[in-house]
Structure formats: structure tokens, C-alpha cells
Amino acid sequence: MNVWGNKLKLSIFGESHGAGVGIVVDGLPAGEPIDAELTAAEMLRRAPGRNDVSTPRREADEVEILSGLLEGKTTGSPICGVIRNGDARSGDYGSALRPGHADWTALLKYGGHADMRGGGHFSGRLTAPLVFAGSMAKQVLSRRGVEVYARIASVGGVEDAENVNGIEAYRAISRRDFPSPPRSEPAMREAILAAGRDGDSIGGVIEAVAFGLPGGLGEPSLGSMESEIASLLFSVPAVKGVEFGGGFRLSAMRGSEANDPLYIDGGVIKSRTNRNGGVLGGITNGMPLAVRVAIKPTPSIAREQESVDAATMREITAAAKGRHDPCIAPRAVPVIEACLALCALDCMLGKC
Amino acid sequence: MNVWGNKLKLSIFGESHGAGVGIVVDGLPAGEPIDAELTAAEMLRRAPGRNDVSTPRREADEVEILSGLLEGKTTGSPICGVIRNGDARSGDYGSALRPGHADWTALLKYGGHADMRGGGHFSGRLTAPLVFAGSMAKQVLSRRGVEVYARIASVGGVEDAENVNGIEAYRAISRRDFPSPPRSEPAMREAILAAGRDGDSIGGVIEAVAFGLPGGLGEPSLGSMESEIASLLFSVPAVKGVEFGGGFRLSAMRGSEANDPLYIDGGVIKSRTNRNGGVLGGITNGMPLAVRVAIKPTPSIAREQESVDAATMREITAAAKGRHDPCIAPRAVPVIEACLALCALDCMLGKC
Amino acid sequence: MNVWGNKLKLSIFGESHGAGVGIVVDGLPAGEPIDAELTAAEMLRRAPGRNDVSTPRREADEVEILSGLLEGKTTGSPICGVIRNGDARSGDYGSALRPGHADWTALLKYGGHADMRGGGHFSGRLTAPLVFAGSMAKQVLSRRGVEVYARIASVGGVEDAENVNGIEAYRAISRRDFPSPPRSEPAMREAILAAGRDGDSIGGVIEAVAFGLPGGLGEPSLGSMESEIASLLFSVPAVKGVEFGGGFRLSAMRGSEANDPLYIDGGVIKSRTNRNGGVLGGITNGMPLAVRVAIKPTPSIAREQESVDAATMREITAAAKGRHDPCIAPRAVPVIEACLALCALDCMLGKC
Amino acid sequence: MNVWGNKLKLSIFGESHGAGVGIVVDGLPAGEPIDAELTAAEMLRRAPGRNDVSTPRREADEVEILSGLLEGKTTGSPICGVIRNGDARSGDYGSALRPGHADWTALLKYGGHADMRGGGHFSGRLTAPLVFAGSMAKQVLSRRGVEVYARIASVGGVEDAENVNGIEAYRAISRRDFPSPPRSEPAMREAILAAGRDGDSIGGVIEAVAFGLPGGLGEPSLGSMESEIASLLFSVPAVKGVEFGGGFRLSAMRGSEANDPLYIDGGVIKSRTNRNGGVLGGITNGMPLAVRVAIKPTPSIAREQESVDAATMREITAAAKGRHDPCIAPRAVPVIEACLALCALDCMLGKC
């Protein structure tokens, strides 16, 4: 079902080339100031057409607020934000199914009735409303001592050489146009541009961290913190993997390496390492909550690929037309941040 | 919340050293034969104490059915199955927090009121009810042409040398005591036994596949097939990562490699590869649904570790007492199978 | 939480004097034609200012579709419809709490942050999106053999003299401007107008019936058909009671009167009477599903009432300003119809 | 779906003549003392066979706790309570469909697979787990200043002569064996016994009140307090109507009568009357929350009725065999109390 959350409820709607995309966010506390400039800045981080590693499509991504805000504050009732579409070139899309794309499965599910212009409801454009919602969540969280940041950990196999640790390092990255430490930007940019020059695309890994989250959030068994977070992250197009802390690398470690040693700091239990990513038994332990997300390469590429034409049901070779990001990871960074912020706030509000 | 599912609803309860563990499963169609012997065989696959790579604890894991079955068939009303506890040695557990374990977070969440004997509600024993529920789901699925299998893909970094492809290969593995192809068993067993000899533990990766699932299941955006599956898998203790198809490896590929080329086979669209793991845009495409799960090393190990005594709030070094699996992955295989089967059936029943 | 439904999901937003009100409807099957003229006609049935028993406020109540419809058909993705506000006179509302109104409870819940201009999110205007959603549901239902109608059963104690039975009688009423049989209209209109002349208001009872609903929908115990329907009906402002079939009158009958005798008609079991309103044990029996709803008198009246000024926390006497319906029941008829249609469709789609 | 609640989650299972009935209650705070004697006393209030107005079946209704309680306190994990069945006479039930009973709809929904012995999952016996859960909720509520009581307002049309007002009057009734003021007991008992002598049955109305509930609970629109309460109450077998405050009687009043005048008492806004039953706009106002529930006559009666034999699909006349309450209302009083307590606690815990 197209609704997510416990105390917060998200309901996303819209298509890429229809009237617009939007979201209803219910459950934000009343009386919270929402700074429209902060939100606009977040929207800009995700918006296309800003630089040479992004698609040349330009979308203003201004959010029209239909409800739930009054004089810059939340009223407590549901907030509906709409982002109108513009600059759509629907003629770019035909009946060829793009390999790796939802064209195929939309056909199976909706039998040809889906509005697939520009990817329709499956488009990456549907992440714009998440960024809007996430921006509000971040503002509410920051007044409760929680900050959420994300960065590119790798693109196309080009990894950031060192670990990024500590809230200061993440804050610094969040101010950069390319969401990665300066040391790794040149190689990452070159990998993206090279893929674009080849008419191809690459994927990446994004790491997100929530600092300041209290311990004791989440549930054991069904309803674990990881379940809540993964369920939202896997709703983001192109996400194919989610791991917490050391994640898949833990599977190759011994317990004596993977276990985070405990100590006491100012009367509070802490762990010297954070290989469990701030969650044990489904519940937060007060350490930074760290999650990594695998983003697959943009499926729409300019190279010829074996495919099928849905109208004629014939095998064809075809290249995707239209303008696409050679790597979605940079623009996905604020989306993953938004998702983690929404999860963090949902759990804090519900103390779930 | 400790409830999962849309059309199927699961509600798990119980503690490791209390009266027992159990589950309420609501939403199974009426009139479905449930073979108690098949269920018992599934329970045995997860049960401890069966061989040299498992803990010497012995639990019969017999399921008492309290409701919802009559003369071996589902009645349509909720099925409650209870597995009584036995052979508990609660004296083994003290106030030392085991690093990497939920002892710490249970304290934060429940303030000392949790029943943590044997891990309590956080124990791996809570997966026994999932296997019971999954066994029923598998029986219902098999009559609808769907089969779900899992295998160990790696333990402690020891990977299975080759890909396992096709339903026959998976069926063959499912009949083996050690859920891996014969070629990889010796090295994997040795890795497990070596860890055990060192008083240490190792993790692993489990790969599960659902064959025969129809296309068109799942939802775009919120409510994707991956969201549903991940939310259940991350409720299994020790799971720290979930990826579909190529998962994190897709992040290092180019689009031209990662995209699965399409062709037509008997009037049906198929893909030549399955790097998307049978899901595109959150919706199944009819190819095998393939998911991989990272299992962390068992946190309870016999080696001394830095820790904290919760009673005195002093730093200590301590080794876990009690009997623990040096590697939980072999016994987790039927659990992951069960989860995938429950997700598959939930979506098929609800056509979500 | 401001979300309702199982297979259908409704998410309502908006305030009376903000930008507009709207709804996201997810879960309608793809490919369903939605006739915009039928929808507009439904909206008009609820719209104010149409006749002498209604408030003189005029609202066009045109629905702008933001998503989910393409060339007059559902696409399968969520449908967002927005109704812009106009003709608002916010100056009419001050800090006096209107007795019987949500002014008081909004203050308790939102601490003065709610946008209460015109009743805000509590306004009867929030039922316009329900009528829009219900209109789509009715169109989908009609192609599945289900028709939903409602009528005024009483206003201010003036009851319709006879039972209304059969789909033809209900269809005829649905074509009337005043949703009641002609025999009862004069007395009912006079009761409404008399209350208005006195600066007072009256309530009413609405009876709604779904014809053609298949048997076997709903669930025993938690999740009964009555639970689903009542949970939506009680979200409509001013609804204070819901009863099925004979409802409260059954409480004064003997079993031998209340039990509906069974017989066989064309191989199908039917009941000679329908005092259970088409539901037994929480599950539909195939007879018309009949529900009655108590609507309280409009709380905003022109007469002086004892009240409290929230700004000064002083006791005052005050009369409500603004333009209000002396009886909301006539305009509530399409709202109750919409709710019953949405429930019926939700259950049919989910076979719950 | 057979799950109810937001912060609290209830999952009911069981059949009348199977192994037993039970419930999983998740979400109770950790560390809450649960007095087993108080619970047993509540169970006894509902149990059959206690006096001359009840069925002669005797059931001990002892609750076996399988999980979630340790040394008399909640642990924070789900509590499963099971009530074993005994004294079942399954031979009493044949293939004749009892008019007014779920026999018919179970056949439609489950196609003959339901376990309908003794009413199966539709039996009034399924309310025993609700009383168990409600007893725990009441104990938790009482430590938060909330008390919930119910009483018989009428049976078979015999109404209690006067209003019952104030917590002291309700407390006094709760200590009585027949849950009604002494003045009304003789006429009510006689009505019940007379119906029984005639081989017939009667219904009744139960009024329940929650005292001490804070203002500001509930939600406007979807998710109103009334919606939450009604959705649970309508899951109780035989409930056919639910109304809040004046309910259906408000529909015949004028606004000037129905509106509760406001005043200030000790700095707190209160209302002089409580015709809205403590809820305005879906949100509690701090006045007693008052709800009335219509209970239909027990459908199983000893008199001959027109019916259908499901095995032969022939019209028959038949009288119900077995032992049945001539009026379920007295035993339903603790059930309705339990439901209201569960709703109150769910909303308080979730501040919804």
C-alpha cells in the first residue's frame, strides 16, 4: 500500500509527466516552525540540472503547500505539498521496454493503463516529495538534538578512501555541492562523466547517519528499527540493498571483531566501535545510527540493449531516449537523508 | 509494533526461558491442508542440537496448535501455534551486558523489566514460530506453483565457489543436512568448527529464492515488494543486511552490465539475466525473486570482551556463558526461507 | 491516524479557509473509467448554497485531479484530488469557543496552533473530498453490480412515515433534490426552516443501503464489516451514532422477532426480513447492507449560548457568527453514501 | 484483519470447542504490575453459569499466561493469554443454519471449512480474551487516573428509570452481581427470565463511561476517537449499534439543547452537560467519555424458526439446541468495559 509510517503517515502521489507530484504528511507535532528557505535548499540538492554530473533537465521543484501550515508553523493537521511538473518531453517515450526499468512490471501490474510517460509514478521524480517531507522532519529533529546526514560512499566501484567519522565531518560534507569529502570528488566525478561519455551509467553506495538519536527506540522482532528504515529506503527507486553498520562485511568477521566493546562515558554506556550501526536487537543503543544503501546504475542508457516492444511483443534492440543522469547517487543523497530523518522522527514521536 | 503483514497478519510472542514461544497467523485461506509432518520436518531444520556445527542445547520444538486448524485443514480463522520451552538453564545469565547483544538495548527500552533469561523475546528462539508459519505458507504456495528455497552463500567469508541456478539445484540443496552444495560444505564446516574451537563465532550470507511467483505483485514507491520482504527479514535477529539480485555489487557495475536484457519465451517476456532479482520498480517481473541476507556472527562468545555490568554500572571484562552456535547461518536458512514464503504468500493473497 | 482503509487507502487533508481540501485515494484498480460529469454531479449534491435549506455560502467544489487518472481512466497509481477554497470570510471567527464544536478540543490537542478559521480541518468542508472519492468508488462498484444509496430517515424528530424498501425506491430518491420520499419532504423542510428562523438548528438520521454486495465479505471478531464501516462513518463530522439493520431497536425485541427467517430463492439462501442489516458475525450475507447514522444538530447557531473565550479564559455568552446550515442532514446524504461505497469497495477489492 | 489497535495491538484467536481461545496483547508499558486476582475477578464477571439469568454451561475461564509477564509485572514484550476450553457438547450442533447467527455467513466466507462447533471463532466465548486484555488495561489506566465502568441501561425494552451519573454511582454498580442499580434489577431480571421461560431471548443496551480521560486524545476526520472505539465495539458479537453521548437522541434535538454549555471550573474549561459524550471533533474534551451499545437478542433460541439445512439446502423449521443465555447483556457488561478500557489506553499510550 502506498502509505508508510506509524505516528507519521506518508502518502505519496503523482507522475513524472502529469500535473505534478506530492505527498501528504500527517502526524507532525503542532506548532513546529518550518523554514521555507531550508526546505527550498533541500529541494535544490535533489533537483536535476544543477551541474555537469546531472541530467540537463531543469525542474524548479518549488513546493506548493496546500494544507497544514499556518504562518510558517505546523498546525497539527496533515500537510500536503505539491510540486508541479514542467519541462516534460513525453514524446521521448515509446513502447520499447527499457531493460532494468519498471516499464515491464507496470505492464504486468496495470495492464497498459499506467501513465508511464517519463517513468510515471515509478520515476525518480517521486523522490522530490520525500525530500520535502524529510526537510520538515529534519527541522523538527534538529530541535530535539538529532541531525541526519548522508554522503556518497562509492560510485561505480570508486570508493571513498577513508572512513568518515563524527558529526563534524558529515556536517562539512553536507555543505558541499558534491556530497563527498574533497579527496574523493575528482575520481568519483570522473567515473560518472566517463560513464556518461560512453552512453552508459553507474551506480553507487550512499551512507547515511543519524546523530543524537536516543537509545530505546524500535521494537524487537517484528517492527525492528531496521525493518522500519529498510521499508522506507526500499521504496526509493533504484535502491537494491540496505545494510546497517558493518552490514554484509560483518558476515565475514568473527564475533570478537564484530562485537562492539562496551564502556562507560559520563555515566552512560557506549560502545568503542559501531559495527552494529547503532541498533541491537532491533532497538537503538544511542550510538550513531548508520545505514548504507546500494543504488543500481540508472537503467535508462543511450546504448543499444536487447529488449522487447510491448506494443508488438517483438524482440528489438533499442537505446533509451530522453535525458538521464549517468549516476543517480549524488542526487539520491538528500533522498536517503530524508528517509532516515522520517524514520527517526516517526520512532521518536511514537517512542516505538 | 509486533505485528506484520497485509493480508496475512503475523503476531509473535514468547521468551526464550518463559513458558514458550508462539505465533498467531491470520489470513490463510480456508480449506488448505496442512501436513503436520512437513511442518515438523521444517521445525527440525531450525532446531538446535542436531549436529556438530550447532549448539548442544536440545529443544523438541513441537508445535501445539491452539486454533484455526480442524482435521488437518485451515478453517479460515487465526491459527495460533505454541512451542513450549524446555531445557532452559537460566542460571547461565547474569547482569553482564554481552557486547553485540540486545542486553544493552533491552535495558534502555524496558528499564530492567524485560525477561532477558536466555535472550528473552530477543532470542533466536523467536524464529521457531516464523518457521512454523513459513511451513504453512510453503504448503499453500506449493499448490499455487510457488516454491521457496534458501542456501548458505558464505560463512565467515568462505564463499560457495559457483552460482547456484535453477530450481532443481535449490531443491537438491534443500534435502541436504548442511544447506549448501556438497562442494562447499567441507570448507564451510571447517570455518564454523574453527571459530568454535577458538571460543569465537562467525557470520554468513544466506541466499533465498522464490520460484514461480507471478509478475505484477508489489507496489511502486511506498509498499514495494522489497520493502515488504526487507521489513520481515530485518525482524530476524542477527540480520544486518538485505539485498535483492546483484544488490551491493550492482553499485559497482555499469548500466549496460546491470540491466537484464529482455526477450520473449513462449509469448512471455523474460530476462536473460536476473541481476534485479525478479523485482523492478517494486513489482515482481515473474523471474525468480532472489534476496541475500547478511547474518552477523553470534554475539555470545566464550572469549573475554570489554563490557559493562548493568547492575553495578562498572566496566568489566567477561566471556559469555551458556551454549551458543558458533555460526547461526545454517539454522537460519529455514528461517529466511520461511520469511520469503510468508512475504510471497501475503502478496499473492492480497495481490499487492 | 489520518489514513483509512485496507486495500483502498484514503488520506484526507486541508482546512476550510486555507488553500483547499483534498484526498489521496490509493488502490483503485487500473483501467476503470471515471466519468467527470458523474463526479461533478455528486459534488453538487453536497455543495452548499443550492437551496433554501442550506447555507448561503457558495462553493463551486470543482475537483482538480493531480494524479492517477489518464484520459478518463484510473492508472492504478494514487489519485489526488484537490478542491480549492473560495468565498471564505475568516473575519467571522473569533476566540469564543462554540459549544458543541471542536474549537475546544482543537485547543486541547494543538495548543492554539490549529488553523481553525472556518472550522479548519474539523470543518464539514472536509467531507467534500470523501464525496469525490466515493463518487469514484460508486462508479467502480456499479460495474460490479453494487449500488449504494442513502436518504434522510428523519430530521429533528420528523420521521419518514414508512419504510423505504427496494433498490427502485432508493434510486428514485437519489434523483430528488431533497433526498427523501415526496411524502415526507414538506414536513422535513418545514422543520429545518423553522429551526433556521429561530436561529437554531436540528439534526437527523440518515439511512444508507448497499445493494448487490456479495456475501462473505468482512471478518469475524476484530475487523468485522460493521467495524470497518463504523470507523469511516464516525470520521464524518457531526456523526454521533451508527447502527446496522434494526440497530438499537433490536435491543428491545425478542430473538423470535429479531432473527431473520431463512429460505431458499433460486438455489441461494436469503432471509425474509433484514433486521441484521445484511451482516451476521461481522460478515455480509448477501442481503442489502443497511446502516443508519445519527447526525447531531449543527453546533454553530445564532442563539446566545454559555461559552468561554479562549483568549481571556473568561465565561461569556456568545452567538455563532457566520453562515451555517440549520440542518446538515440533507447535505450529509451524499457523504454517508460515499462512505458506505468506499467501505464496500475496499472489502470487495480485498475480499476482507 | 484480525488485529486491532495503534500503540496497543490485539490479536485474538480460538474457537468455542477447539483447544481454547486467547489473545496476544502487544504494547503495554514495561514494569506494570498485573494483579492476577483482579484479572480472575473480571473473568468471573463474564463467565457463564454464575446465576439464574445465565446459561448453565460452566467454564472456569482461567487464563494461562504464555509470555510477557514476569513476577507479576509486564516485561514490555507481547503478552499471550490462553483460556482452555472445557465442558463442550459439540454434538449439540448440526447443519441447520440458525437464523440471526453467523452459521450462514461462515458458510459463505469459508465454504464449509470453518470450525463452527459451538459457534467456533464467532462464539461469544471469543470475548473472554478481550476481558482478560481489558483487565490489564484497566489496571494500567487506574494508575493513570482513569476508571472505566459499564452498566445495563435496558434489557428487552425495560429501561433503567433514571440516569446514572458520576463515578461513585458507577463504582457502586460495578460491585453488584447484576450490573444495574438495585431499583431496576427486579424488572430487568424478570424480563430476562420471562424470555427464557418462553424459549425466547431478549437484547439490551449497555452504557459505558471512561472517567478521568485527559482532553486532546483522538484525531479529527479519519482516526477519530469515536472511530477507534466503534471499530473495537463492533467486533464484539451481537453488537448492532454504537452511539456517543446523546447519540441517536441528538438527532431529534435542537442545537440549543444538544450543545453542551461551557464554563470554567478551577481554571479548566468544562461543559455543564455531556450530550456529546466527552468527544468533539473526534477528540476528547476531558469530560467523561460515554458510549452506548445495542446488543441484539441471543439468536439461538429454543423456539421453532424458519431456516435452511446447509447440508441438504432444504428449507426446514428448527429450534436451536444447546444451552444459551436468554439475554447476553449482563455478561456483555465487562466485555464492553474491557473494549472501552483498551481504546482509552491505546490512545493514551499513543497520544493519538
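Note that the chains take the letters A, B, C and D in the order they are written out, and that residue 1 is the start of every chain.
Everything below uses one rule, namely that a residue touches a chain if its C-beta (ideal position, glycine included) is under 8 Å from a C-beta of that chain, and two chains touch if they have at least 3 such contacts.
All values derive from a computational prediction rather than experimental measurement.
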{"item": "Comparison of A-C and A-B by number of C-beta pairs in contact, larger one", "value": "A-B"}
{"item": "Furthest chain, CA centroid comparison against chain C", "value": "B"}
{"item": "Centroid spacing, where centroids are CA-atom means, of chain A and chain D in whole angstrom", "value": "46"}
{"item": "Euclidean distance of C-alpha centroids - chain A vs chain C, Å", "value": "39"}
{"item": "Chain A-chain B separation of Cα centroids, rounded to whole Å", "value": "26"}
{"item": "Shared interface positions of chain D, touching two or more other chains", "value": "1-3, 6-7, 11-12, 77, 109, 121, 220"}
{"item": "Complex contact set, residues of chain B against chain D", "value": "1-3, 7, 9, 11-15, 18-22, 24, 26-27, 30-31, 64-68, 70, 73-80, 82, 109-115, 120-121"}
{"item": "Parts of chain D lying in touch with chain C, wherever the complex brings them together", "value": "1-4, 6, 10-12, 97-102, 104-106, 108-109, 121-122, 126, 154-157, 195, 198, 200-205, 215-224, 226-228, 230-232, 234-235, 237, 239-248, 250-264, 267, 269, 271-272, 275-277, 279-286, 294-301, 303, 305-308, 313-315, 352"}
{"item": "Residue numbers on chain B that touch chain C, as the complex places them", "value": "6-7, 77, 220, 350"}
